[in-house]
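You will see two complexes here that share chain A, one where it goes with chain B and one where it goes with chain C.
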Partner chain A sequence: MSAAQGMSAAPGGSLAAGPLLSVHGLTKHFPIRSGLLGRGSVVVRAVDGISFDVTEGETLGIVGESGCGKSTTARLLVDLITPDSGEIRLANRRLGADMTVRDLRRDVQMVFQDSYASLNPRLTMEDAIAFGPMINGMAERQATNLAHDLLSRVGLEPRRFAGRYPHELSGGQRQRVNIARALAFSPKVVILDEAVSALDKSVEAQVLNLLSDLKSELGLTYIFISHDLNVVRYMSDRVMVMYLGEVAEIGPVDSLYSNPAHPYTRALLAAMPSMDPDRRTEEAPLSGDPPNPINPPSGCRFHTRCAHAAPVCSSAIPNLSRLRAERHLAGCHMLVPGSGHPEAAAEARP
Partner chain B sequence: MSAAASIAAMAAIEKSPGYWSGVLTRLRRDPVAMVALAVVLALILMAIFAPWVAPNDPYRSSMIRRLRPIGTPGFPLGTDELGRDMLSRLIYGARLSLLMGVMPVIIAFFVGSAIGITAGFVGGRVNTVLMRTIDVFFAFPSVLLAIALSGALGAGIFNGLLSLTVVFIPPIARIAESVTTGVRKIEYVEAARASGASGFTIVRVHVLGNVIGPIFVYATSLISVSLILASGLSFLGLGVKPPEPEWGLMLNTLRNAIYVQPWVAALPGVMIFITSVSFNLLSDGLRSAMDLKA
Partner chain C sequence: MSTAMSTMMSTAMSEPLVDMRDVTVRFGGARPVHAVNGIDLRLNAGETLSILGESGSGKSVTLKTLLRILPEQRTAIGGTIRIAGVDVTALSGRALADHRGGVVSMIFQDPMLALDPVYTIGEQIAETVVRHEGVSRAEGMARALEMLTRVRIPSPERRLKSYPHEMSGGMRQRAMIALALVCRPKLLLADEPTTALDATVQIQILLLLRELQREFGMGMIFVTHDIGVAVEISDRVAVMYAGQFVETGAVRDIIRDPKHPYTRGLLAANLHGAHKGARLDAIPGAPPALDALPDGCPFAPRCPIAEAQCSEGLPPARVFGPQRQVRCLKA
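Right after this comes the complex of A and B.
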């Protein structure tokens, strides 16, 4: 692939000023139809006011249980779902103000979990990859050539795979095609929504290595969504832990894995199977399912399952507070001196 | 990469057989569907070349040789109540009967698909308005609707075609809507939306190819229904008018002869039966040939 297609808009350090992608107060509530006239007042708080930044060239991992809003967040970021409120900024341009949805979608691409469902069964691989560039005005011949380049870049020989249909490929091969399709836009950010979760472990490892290689070759930025903590640790520079549509903790991968501050993060990490008998689980494992996002618990949303819950947890909403490590934040009353939680440090300042 | 090298690379690409050639291969392996296809083709050829195939003039009547039995010399399938050659009338009858059976379905296929795909893809309020309007037509039994419409419009071939078309649009639109709604939620459509493509382009490239098959199969299964409804309209005097040969109408005019020449009187019914069964079997064969998992 020529350099022109790789990073056509290589930013010459002009973006050093701020984060590449910045999300502030992103919220999406899905109304649920109920009642006779179908105009119920019940909403699912899928994503409830989350904020985070992604620096150029880094990988932000997003983890959390099913239904915590990981995939909704991903879809909000490419405007497949329109947010209720909150702002999305890409390279200091705000969506809706000085950036259109079309601009956003060209720079932020997504790879979905289900490799089969994300490919049109009636299109050959080269047509599937060439579709996006052609939509954006590339000539058919050029787009086909680009598709062949990308196929070989993701490790699929164009001669063998360009004319194939999705059902003729294995899951890993299909996911490689999906990655190639996302790359066809020369995006700045690629969102990987459980992109390797459905693959065999050996294939998963190959695809993860491919993703790492592509990232360094093309200077990509990833948002890596997964429920597999090991994979997230391997892939990410920073990790965001989500619980019931909110950010529980966000921080650099080493700091977060070695020094988890939020009880939920600790419980998640404790649930990871350990190969080392000396590092057995010490914290009580989480029991039960997350509460219903239609009626999330008051105060700290985690207090219903938290071993450290105190009266203050059900009455006050904890803010994300800065921890010792740089860029490590967690939302827990125990971390805020004087919050009223018995395990919090004593009153700091009045 | 030079142009010549790129052409060479393009030529070397292994191409998988396309979807439709696969369907054709599978259809060819289905003996029942192939027999049905042969019958359908034979009927169509018969209708087109009626003047050359028919042994006699289908309109020439004779008071002397009325209601001859099957096997009469010169009239292999006997004669009708006005002494006209049954074989020739059945052959000529294929023209109008097939027209009345196939045309409404073809038109309804295009109109119904357009309505259903629009409703399914756009969703929301547009879907509600379109589909609830369609639902109004479901309140009437299809036979009754066809009779009421052609009764209101007046007898005649064109009005018959029109009323049958209106009868078949709602079921086709409903199938199209449900298939499209299903496809719209699949991730490749989301991926296409994420690529910034317009709704029209997404429908053309990603939706149409995946929904048209099931709709088409359903439409072919309606041909037999249309044929029977058309015959019913003619039977009631609402479709084709005498002396035009049409199977339904022939069944009607011959019904008084059922005690005199029951075999001759049943012949138009036999034609309707053979035709509708063939179309149904062909549609079944198509359905299984189009199923990728099979």
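Right after this comes the complex of A and C.
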């Protein structure tokens, strides 16, 4: 059943026309106080004008180093942080126009990395899950029944777990409760922000299986954020690579992993441990830490760490350009004929 | 002094750098915890061993036992531990202080906790040299500078005067490595030093450790939960579960032919080359609580191929080749 799931891209129902979730020009800059009286004008460009679509029923993976804006993007999508500019559309309704934040949050739910911090230590598991529906007007009895259903759905027997507090559960069990709580509104989209990263490997595999089952049973759409490229490859239909608040590359998982077009994507993939004792990594693909998003480099933000950097890279910002595979885009001057990069084709095709 | 040194050296030549035999660690109190339950380990100078396991398996406790930094009052250590010919369990006072940081050194996952926030990086490294080698502070600072250069921290002169919070994560990790290695220890213990880092920085630190280890000829025990990291850094792997080494062997053999069902489960969970959409062979359940000594195979309750005999007694370590041992009746 779940084996065919990766192929089932055809969304059923009335939404087939457009993407389920559509983001355009999303931007968030955080001002930091600096200088005398805190009147400095320094900003962290956490997310800087990103656009992407998510089709119903697919899983979009988001990868990148710390500080690249993965988590800020997730928080912007559920309006935990309000964007400076940009547009979020869900099922062709626009946030702020014909959709309120309340509507959005019913349909887009989120699971965080820290399973303990995400739960109120003074609520039992059934109360934690029933809380949201009750706030939205569900009767207590009905909400408790729903909580029990959801607990058994995520593999926790309600009779044993409904009355427990967060500290009485293991990390894997708590994350199951967080998933159950996210499902309480029957959301269309679930954002998993490093949701399995803190778990032990054997438990992580169990939760990944659960997420795959839930997705096919409930027809969910996932946005799966992780720093683990193996897990992202396993879970995602498409992958978006972010670097310093921008999209470096986005494309179907197989195309992106086997033909990475952006030098940054290639470096990220090369930095994965080789898993072959006879072919260990001999040279680090990138040196140094990711630069600071406070003063990102000019032009292509990756040019300070890129082995292929040319003068054009520090002066002009590359646009995302289409590659041969469908829906595969990357932002690099080398891919644009006539861009002025020595490794690009000389002239733009007529 | 020098004769004592040379006798020590000659003993160290004939026996391995680290020799642990049937080591147990138990924490007392209202709820006793059997953290380490009879491990045997031998490590030669210049060799790297990874201890692979999940949280609560006893990996970190094993390292802390070797450095003798577990709380004395509540810890009962059994078995014998010899490092460079010295009985570590018998050390106390000045000799113990010389052991820590002089003979054996440790690096941690979170350098922010390992480094002192109110002293500069230079002061912290110099203090270690002054304490262990009795040199002047100026000499200590010179050694600190040399070491910061060695771990390739950019503009090391300036970084000597930096406080830990002024550095990035990767740079702090390099500073901690400099601090740990400045007195040229014979054994480096590494407790998940790259787990909190981005993959792009992790590989840099792994390559640096590999290079320093070769150059200094020290032994290294590297604790990790990531098989990929173990493959990059180590010659041998010990897979730890419930305080025991369930499988040990050369990294090549463990990767290509895992014999213990737990090792096989861990390899599958790494998702390297996992087929998208295919169901993962997840190990069910969770590791056992360690409040009692296991009387059977501790993995039996989660094991797909367990039989009745597995719960009847502790499986003995069965030998498969020169460095290969597996604690499984069905291997």
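One rule holds in what follows: the second predicted complex is superposed on the first by the 327 of 350 C-alpha atoms of A that agree within 3 Å, B and C clash if a C-alpha of one lies under 4 Å from a C-alpha of the other, contacts with A are read in each partner's own complex, and residues count from 1 in each chain.
Keep in mind that, in the parts below, a residue touches a chain if its C-beta (ideal position, glycine included) is under 8 Å from a C-beta of that chain, and two chains touch if they have at least 3 such contacts.
Treat the numbers as computed from the prediction; the structure is a model and nothing was measured.
Once chain A of one complex is fitted onto chain A of the other, the partner contacts of A:121 are limited to chain B, with no touch recorded for chain C.
Contact with chain C, but none with chain B, is seen for A:227 once the two complexes are overlaid on the shared chain. Within the superposed three-chain model, A:145 lies in touch with chain B and out of touch with chain C [touch as defined at top]. The larger set of touched chain A residues comes from C, when the choice is between chain B and chain C. Once the two complexes are overlaid on the shared chain, A:97 sits clear of chain B and of chain C alike.
In the superposition on chain A, contact of A:136 is made with chain B only, not with chain C. Touch criterion met: A:209 reaches chain C, while chain B stays clear of it. Interface of chain B with chain A (complex): residues 1, 6, 9-10, 12-16, 19, 186-188, 190-197, 201, 205-206, 209-210, 292. If you check the complex, the residues on chain A that touch chain C are 2-7, 65-66, 170, 172, 200-206, 208-209, 212, 227-231, 233-235, 253, 267-268, 271-278, 280-290. Residue ranges of chain A in contact with chain B, taken from their complex: 75, 78, 80, 101-102, 105-106, 109-110, 112, 114, 117-124, 126, 128, 131-132, 135-136, 144-145, 148, 158-160, 162-165, 167-168, 178, 181, 185.
Listing the residues of chain C that touch chain A in their complex gives 54-55, 154, 168-171, 198-204, 206-207, 225-229, 231-232, 251-252, 255, 265-266, 268-272, 274, 276-284, 286-287.
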